[in-house]
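A, B, C, D and E label the chains in the order they appear, each numbered from 1.
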């Protein structure tokens, strides 16, 4: 091959902490950049039904109910040229970095890897992972987020954690080049990448918050890829010669949560159910999102496979039902607060306003309250926007991940349900499929019928505008993978 | 413009929040759109014309009252600074300096942080916009009227300072302050647009010219009418107001009659 | 009967910044004494910047003297901008030179003249209109001027309005600060005649400030000549002009163009008028005085009587 | 010279005092309006992480203690670290400051270079149709929001003509559009102001006198009228500087310009106090020093102010 | 005591010399039928005036009668709203309404003008040296050191001590009298044939007024230029000028040699004007005041002064008076005087 191209990407926002397990890295805009800098032990192939592949691990063997052994890939070189060893893996998963109460990775650990209790080095190429309980999704976790392996030596050599977090050393296809805080990040090809030569010599992520400016920049030829295109703007790129629109398939979703414990009017279960039935999700997906989003009606995603109950319907747009429920409720037209920041998610404000209109049509008086910060949103309770995605093909990664006792709805005291928490725990710790199925079913019943606290809206597609000839495939998740094509080495 | 503002509920063909998600971003009448949506529809399929009428109403309300407040506060502080010399004056000048070096964003945050967001409050906040310029101006005018001119003459007649400031200096400064206000007006509409975008401004379901411009800019190529309609209104209003300001100044000044 | 008496009043103005360090001062008025009697006019003459206006403002209490005393009808003036002080305004009034600036251009002549009546609550509101008409008539304006604005009047007419305004509260003292300097000779004559008529009718005491010796001589009973903030000569008007004693007064008198004759008697005064910011040692006039002797350079001559009703501050004259 | 010190010292004192007030005010406002932990970690962050974050940055202490700590450190030259990335706030801001200045100063120059000639020209042709058109155009100039103008420029010059890059700040070509965008609104204001200042000056006696002296009209304008009209324009220019910072925020967003305007918005949004403080500090410093410079410039242009001023003012 | 001043009597000596007789005079400027209207409102109604070379002519009249407008019209200094008609000839060129290019050849060079308020007639932002040198460069082509030397000489000539240092001064650093001297120096820089002094001393102190007037007179004598002095102060003009013109409402109403005019005024307005000046000696008398004000814009059908005139009769308000010659050098615009003497 001749000269490799370099890539210019205009993004709507950028964060400069590049340590993947840092608390502030739990954000779409961080994952997008970090995904090409690191490798995890396993790799989820999002474009192939979330199938798990070997990455830094070349084999995974369950030794007993709570113990797994990993053999590491050979000849993996860090960005600084040093070799990756079991020590690096142990350190990467150590309490100092990840598992400790005060570790920078505590948040990521709790979200993705909470079952890991211990990590032991067996030899230079072998590591044992011990979990607290049985873990039905153990392998999935290793391929989700948080098992990025960094160089223990480089960590120790760093002046401070802050200095480290600004330029960590990983094994991924690109290393960190120039970083201009809040403005741009340049990644440079890591030519000794174990998976082959990266296709681009460098990748520059440039912050450009104005969508019109991003599109204009793409058209002017200043950028190769621009992110966060909303469906309304697709037509501006689609027709242009040399440009194309990519992405749209999404495993990321938007939903609404209710905080009955904070907002007394919402105590009424029928009202909450009516709220859910009054939403015309198709209108949002088809009308507002130009068909680029898919309506989401329940918590069973096709990729979950066996655990799903094929007969389950979920919620649907049913004005009659909404009326009926409303009649049964004690609701008398009181104002229900709907605090929102309005600009956090793409198309958030249009969604908000459309929802308010739909509720109005159903006879529910919801008041949209624009907030400037999350404190205000938190304090007001009522109805809240939220989003989340499936990192792996299991409901643990969706419903439980979103509503679990450590997550914001429960922590801030908006909603609590002991039964739900108990079932969720079971879902997470038993490998018995029947038990898991039952738990999952009951959990859905709780959040849909008995004590609704959440209602799904639609998928949130990641749409990119790009030059036609750029060879990359977008994910259904915010991560952008720009490295070389990796061989398929599925985990059994 | 004022007429439209007053009559907005009567002439608006559609409810401003009535949306039609299947007729989003319809172009204006004459550009492929229908008569029912004269200026087309916006990103939620709402009628741009109706929203425009209501926006004019909100924006005029905000900008007028805010300009009034701004001029009032500025004038009051400027006069007080001119009347009291010494410590009081230095303190007020300090206040003016502080405001001048404080980006308005911070002021807006402060107000919202302590008082929450509501239309009345928002008007009050916008009223803080540019007061320091008016204060400087008013102080200068009062000082100029000072000892030598008519103010000194009235003082020596035995008039109370309040009378001097309210009956003499104020009417005489009015013309200049008025002209300053005509410049403040479009600025307030634009600042409001900026703030609306940061979630600090006019809240949905209400709408304003600023909100419309703010939303419209995303659609500058896709649905330019969303941006053009409010922009043209702002420009025309600003021109009308600057012409009005000039003629009002001439009207108020007996020497120009 | 003495209406107004200034006893050695002084006024200094700070110059330069006031915040730090040593203050510098400019002495605008230095131990000036003069008096105005009921029904009489005292004229003050001198070059620009010699402190005439300042003296006038002090006499009215518009400005506080740094030293000395101002007695009006035998009583010291109250503190400026107090209630008492404002009440006193009724008795003493100022007539300005710059009438365009001194009249609020947004008020009609009628309102302007009525304002002092309102301020001092003189008479009932409904009688004001009548009083305004009387005043207009007194200063030689007519009813139709009432509705006009200052800029619609000529300079002379404006000066009449200022006069009417000053007369409205029935004062006993008028301080006229260059009332006619900006006017044409023909209008000047009108105003001067009017002023003298009013004085005769109402028994006003007038302090008449001007740099025009010709006018001052014409209207005044007594003349005070000022130079650099000090009184250099004082006496009966005709005596001072016809027989000037102080060299400065002589120079002033000689600079008057005569009709006919022009500058036949002109005695040129060397140098430029000095600034009050750096006053010379000794007699303030000595740098420009052709007759200056050593004593003039060293000590300041006091104001001493040379004949009845006449005082001069010059070493050479009083010796 | 000493009189100059007297003249400038109170101004500096007041500027310093106002900076202290600004710093304090910002501190209180930013701390009282929204929790940085929530802003930075996002709404779905877990409680322990929030707690840890607060502890790490001392946000769990009472406000006044935080303030005292902040002030004490600031007095020692430590302006704190950015909560987003942990780098010293000062370093962060200083990195970007030159770029914003590189935007503002040419824009200011543009204000002057476009605004003054246009205003002067309109004044010379007062009440003609040229004058009226120009004045209408200026209304357009300051009512069109800068973000709209910027986008229009990008569409015309980058997308359609391909003359200049649409964003970034790496080549000299990248400067053209943002500077134009930022400069035009101000130029409109300056033009209006220049016009009225010129009309005022042209009616002055010395302009008539210069003509009587036999000076040609061109020279009268350049040598006699303009320098005098510049004095009030300078005042305006000083005042406009503050507005330019606000303008920079929007223009930087449109052009992806890595200046402090964007940084300010990001930092305010995240309640990243240290960075906001440093920016405001520098903005205030720039403003006050610019105003001082204006005062010096007055001295250069208007000799009446150079010599000992009287106490009034 | 008067003997003390004997040493300083050089200047009065200069003045006591008899005024020059200008019989063989050639005209420096001849104005005929000059009219000016602002936006259609007439201000000058036909001014006829002759200024001979080397002569000092005074023009008096009350404020607004058109004294300044006359000469500003001649020099093309009026705003665009003014429409100028008639003639103002300097040699063969008519300056009234002439284009800029023509005017530039005369302004400052052959005709110079000084103004009432010297402080505002000098540009506050330029050094006075630069302002003098500007004129020298324009009219005499002097540059650099030569210009500076000449500027210094001019300042010396107008009686500013320490000229070298004062060249670097700004107008605000000088007193009013000094500024007026600078104005005169600028006017002299072009070595004009005609100097127009528009109320040169109204803003100045009495002592300074005398100095400036005498300076002007002296320079006029020394250089042989013609001097036109405008003022409303008859006494001041009379002290300097050989001949006086009295203007009223945009016309010249009387013109005569100074002595004649003062001792034998013919026009009622001139008489009233003289009567309005407070006497500088003798008893205090009531002054003659002229009732009413001058007409504005369009004149009454007859004599413009008729409404204010003390000796008016029925004919005055109907008949427009022409300039009538009383003696060889004395003309008056009054029907009462003109009758019978008309030629």
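The rule is simple: a contact is a pair of C-beta atoms (placed from the backbone, for glycine too) under 8 Å apart; a residue touches a chain by one contact, two chains touch by 3 or more.
These numbers come from a predicted model, not from an experiment.
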Interface with more contacting C-beta pairs, comparing B-D to A-D: A-D
Centre-most chain [mean C-alpha coordinates]: D
Far-end chain from chain C, centres as C-alpha averages: A
Rounded Å distance between chain A and chain B, as computed from the means of their C-alpha atoms: 43
Chain centre separation (chain C, chain E; CA means) in Å: 31
Intercentroid distance (Cα basis), chain C paired with chain B, Å: 50
Whole-Å separation of chain centres (CA-atom averages), chain B against chain E: 55
Residue list for chain C, restricted to those that touch at least two other chains: none
Residue list for chain B, restricted to those that touch at least two other chains: 109, 112, 198, 217, 220-221
Interface hub residues of chain A, defined as touching at least two other chains: 210, 212, 216, 372, 376
Touching residues on chain D, where the partner in the complex is chain B: 14-15, 17-19, 21-22, 25-26, 29-30, 32-34, 136, 139-140, 142-145, 147-148, 151-152, 155, 189, 239, 242, 245-246, 249-250, 264-265, 268-269, 276, 280, 283-284, 287-288
Chain E-touching residues of chain C, taken from the complex the two chains share: 47-48, 154-157, 184-190, 192-193, 196, 211-215, 217-218, 238, 241-242, 250-252, 254-269, 272-273, 290-291
Complex contacts: residues of chain D adjacent to chain A: 33-35, 38-49, 52-53, 81-82, 84-87, 92, 95-96, 147, 150-151, 154-155, 158-159, 162, 165-168, 253-256, 258, 262-263, 266, 271
Chain B to chain D touching residues, read off their complex: 90, 93-94, 97-98, 100-106, 109-110, 112-114, 133, 183, 186-187, 190, 193-194, 198, 213, 217, 220-221, 227, 231, 234-235, 238-239, 242
Contacting residues of chain B [partner chain C, same complex]: 148-150, 152-161, 163, 168, 171-172, 252-255
